[in-house]
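Below are two complexes that have subunit A in common, paired first with subunit B and then with subunit C.
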Partner chain A sequence: MLYQWRSVLEYLPDFLRAMGLTLWITLLAFALALVCGLGAALARNSKNAVLRLGAGAYVEIVRNTPVLLQIFVVFFALPSFGLRMDAVTAGTVAIGVNVGGYLCEVFRAGISSVARAQREAAQVLGLSSRQAFISVIAPQALRNVYPATVNNLIQVLLGTSLLTAIAVPELTGVATVINARTLLFVQVFAIALVLYLVLSNALSFASGLLGRVLFKPPLEQVRPGLWPVRRARTITTTAEVAA
Partner chain B sequence: MNLELIWDNLPQLLKAFLVTLELSAVSIAGSTAIGLVVGALRTSRVPVVSQLARAYVEIFRGSPLPITLLFVYFGAALYLGYSVELFVASAVGLSIYHGAYVAEIFRSGIEAVPTGQREAAQTLGLSPMQTFRYVVLPQTRRIVFPPLIGQYISLIKDTSIAFVIGMVELMKAGQAIVDRTAEPVPVYLTIAALYFVICYPLSLWVRRNERKIVPA
Partner chain C sequence: MTATTAKEQSIASSIQLRAVTKAFGSVQVLKNIDLDVASGKVVVLIGASGSGKSTVLRIMSGLETADSGEVVVGDVPMHDPKRAPEIRGHVGMVFQQFNLFPHLNALGNVTLALRKSLKMSKAEAREVGLRCLERVGMQDRCANYPSQLSGGQQQRVAIARALAVNPRIMFFDEATSALDPELVGEVTSVMRSLAADGMTMVVVTHEMGFAHRTADRVVFMDDGVIAEQGSPEQVLKDPQHPRTQQFLARVLEA
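Moving on, here comes the complex of A and B:
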């Protein structure tokens, strides 16, 4: 039994390299998702009907079709329109655009969660609507959407595993290759599972710390991790669960 | 666009779509059963039980679905001595994985029922099982249903990930046509439309019902 683990652990450098790629894709795709989400949320709240309709269509299409299909569309179908990307770029773009659709709804809920009187007060004080958004609405909305946004970051991480379907050498892809070579599936996938758990817990731990520094009063326990933490009973909102 | 291509391959796609629907239905039933049990165990006061349930939830919520599917697929092949049918492996994997998410939904619903309800039921002489079945569970319905349907939508979309272990459902069947004809655009549009037709009405239902319960 032990020698099996040893022969799989020989591949540890490969696993770690794949883990690095997974993290890198996750962060890039999440950055793209934040941009798409914010843009779409602003567009959906704008007065321009075309923008509203376009953003609405984007959100509904992206949220009601599988991510895997979106990855394939970017990788296999966009080249017919002259947009050719390598697998890593295509996967990053597809996942970023996908999660952007979910973040749009999160951000919209966050913006509308800020009391209307705040907006009116800002107007009375003579702030332009852009100033009001940046210095009055956004800071309060950010606090409300932070936990759901972190959940979406984890969804990005889990989504990168699908890039194995377009042969990106990320964690799942590398694990399937090593499995095919060694046939020790328990060991191989157990290592991959643990590495994913390390990544997801590290990401939520880091965003928990960030939430403490960023907000006053500090946000507590953004997303429960694997190890038991004594915490006040949190109410899971439907928005949070859906994310 | 090549409409003829869609027309020629439509029967094949629709047959695969049926497989997707069957897989979704079976996995929805499985994940709901697992989620209900695990969610209830998570609220239990017996220490080890609730922690085990919690570990289950956190492990599957912190790892991607393909890993679960690969585990189930290869694991069944090794321990059952023969290759399990792909449909079964996919359904089991999807149920186990989404069961963890469903468990969280049920837990939040169960915890939202005031303790007084439970105490009153106990006073009336109901057993713990009866209390859960007749007092607690019915009251969770309004809280649980919208996010539960939301989870089912993710599950339906996630059946496409059974692609990873070679299950021939809508996504895989479509990809086979793309590989054969080298015409990705019409095929992907058709697949997208088929998923959309199922998921969009459910999404609308979720949105309509979600708002009612948010202010407590």
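Moving on, here comes the complex of A and C:
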């Protein structure tokens, strides 16, 4: 039994390289998703009907067709229109654009979650609607949707496994290759699973820290359940406040 | 020079409403309202919920537009949609629910408009902001966020925020209605000190004590019209209109 693990662990450098690529694609795709999502959210709330319609179409198409198909379209179909990308770029773009559609709706919900009274208070004070959006609405909206946004980051991470279909050497793809070579599927996929868990928890943890720095007064822990000690501390402080 | 400034001031902080109407859908909220507020005066609007008091205030502060009639606030004709935005930053509004910006601390709330709208430097805005907080007795809590303040403290910060832009007129929309009874006093005392300093104020309130002691004129609104107005002595102690009598009987009984 042990020698099986040992022979799979020989592939650890390949696993780690794949893990690195997975993280890299995740971060790039998520950055693209943030840009697409924010742009689409603003466009969907804009006064310009063309912008509104365009953004609406984008969100509806992206959210109502399979991601895998979207990946195929970007990688296989776009080259026919002269847009040729390597698999990593195509996969990053496809996932970024896809999650952007979901983030658009998250951001829109965030913007409408800020009470109209906040806008009115800013208006009477003499802020322009742009100033009110930037200084009053957006910071509160972002705070309200931060947990949902972090969820989407995790979705991007898990979604990168689909890129195995266009032969991107990310974690799932590399695992299937090593599996084919060793036929030790229990060990191979167990390692892949653990590495995904490490990645997703590291991302959640980093997001939680970022959230603490970003928001004042401080945001609650994003995923308190995963950090029992911290959770216990949160509960005691809440109890103290209540008392 | 001083005389002209004083004259400008006296023109700039009066309010005239002529034949103002406003409907929300099929509900006629204001029916033909005429109201004058002279510069430096405190006018208190009283009346049952839904009588249109808050709508009058919101029209005067530019948050709503009248369907018809003339509204002149300061020297801005609010019925002209092109010119109405000129009023922004020249009047202060204090809301029932405070509407402080929860992501900014007390000083941040007070200085936001100074920085963004009046383009003051950080140091300058801070100085003005602290002075305004001091005015309402909140300078010690300038670093606290709204969620860390009591209702009365939040409302005082909201008043400081409104004062920071140096408004010519202050509107109070049930500023004490959301407060615990023991916190009402700290807010009304700030309001009284503003009145004593000669600020033009229009106040919607259910605090009859405040109306009686501070108002120059009390206006009773009923179902979208001004049913009765006069000195506090007249309206509160010797109401003529049966609706005013009913309303006061109910309020004073409670």
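In this text, the second predicted complex is superposed on the first by the 223 of 243 C-alpha atoms of A that agree within 3 Å, B and C clash if a C-alpha of one lies under 4 Å from a C-alpha of the other, contacts with A are read in each partner's own complex, and residues count from 1 in each chain.
The rule is simple: a residue touches a chain if its C-beta (ideal position, glycine included) is under 8 Å from a C-beta of that chain, and two chains touch if they have at least 3 such contacts.
All of these numbers come straight from a predicted model, not from anything done at the bench.
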(message) With both complexes superposed on chain A, which partner does A:121 reach: first (subunit B), second (subunit C), both or neither?
(response) second
(message) Taking the superposition on A as described, I'd like to know which of subunit B and subunit C A:47 touches: first, second, both or neither.
(response) neither
(message) In this superposition, which partner touches a larger number of subunit A residues, subunit B or subunit C?
(response) B
(message) Going by the contact rule set out at the top, does A:215 touch subunit B (first), subunit C (second), both, or neither?
(response) second
(message) On the A-aligned overlay, A:136 touches which partner chain: subunit B = first, subunit C = second, or both, or neither?
(response) second
(request) Please write out, lowest number first, the residues of subunit A touched by both subunit B and subunit C across the two complexes. (result) none
(request) Name, in rising order, each residue of subunit A that touches subunit B in their complex. (result) 60-61, 63-69, 72-73, 76-77, 80, 154, 157-162, 164-165, 172, 175-176, 179, 185-186, 189, 192-193, 196-197, 200-201, 224-226, 228, 233, 235-239, 241-242
(message) Show me the residue ranges of subunit A that touch subunit C in the complex, using the header's touch definition.
(response) 115, 117-118, 120-128, 131, 135-136, 139-140, 143, 215-217
(request) Going by the contact rule at the top, pick out the subunit B residues touching subunit A in the complex. (result) 51, 54-55, 58-59, 61-67, 70-71, 74-75, 78, 101, 104-105, 107-108, 111-112, 143, 146-147, 150-151, 153, 157-158, 160-161, 163-164, 171, 175, 178, 184-185, 188, 191-192, 195-196, 199-200, 203, 206, 210, 213-214, 216
(request) Sort out for me which residues of subunit C touch subunit A in the complex. (result) 61-63, 88-93, 95, 97, 99-103, 105, 112-113, 116-118, 145, 147-148, 161-162, 165
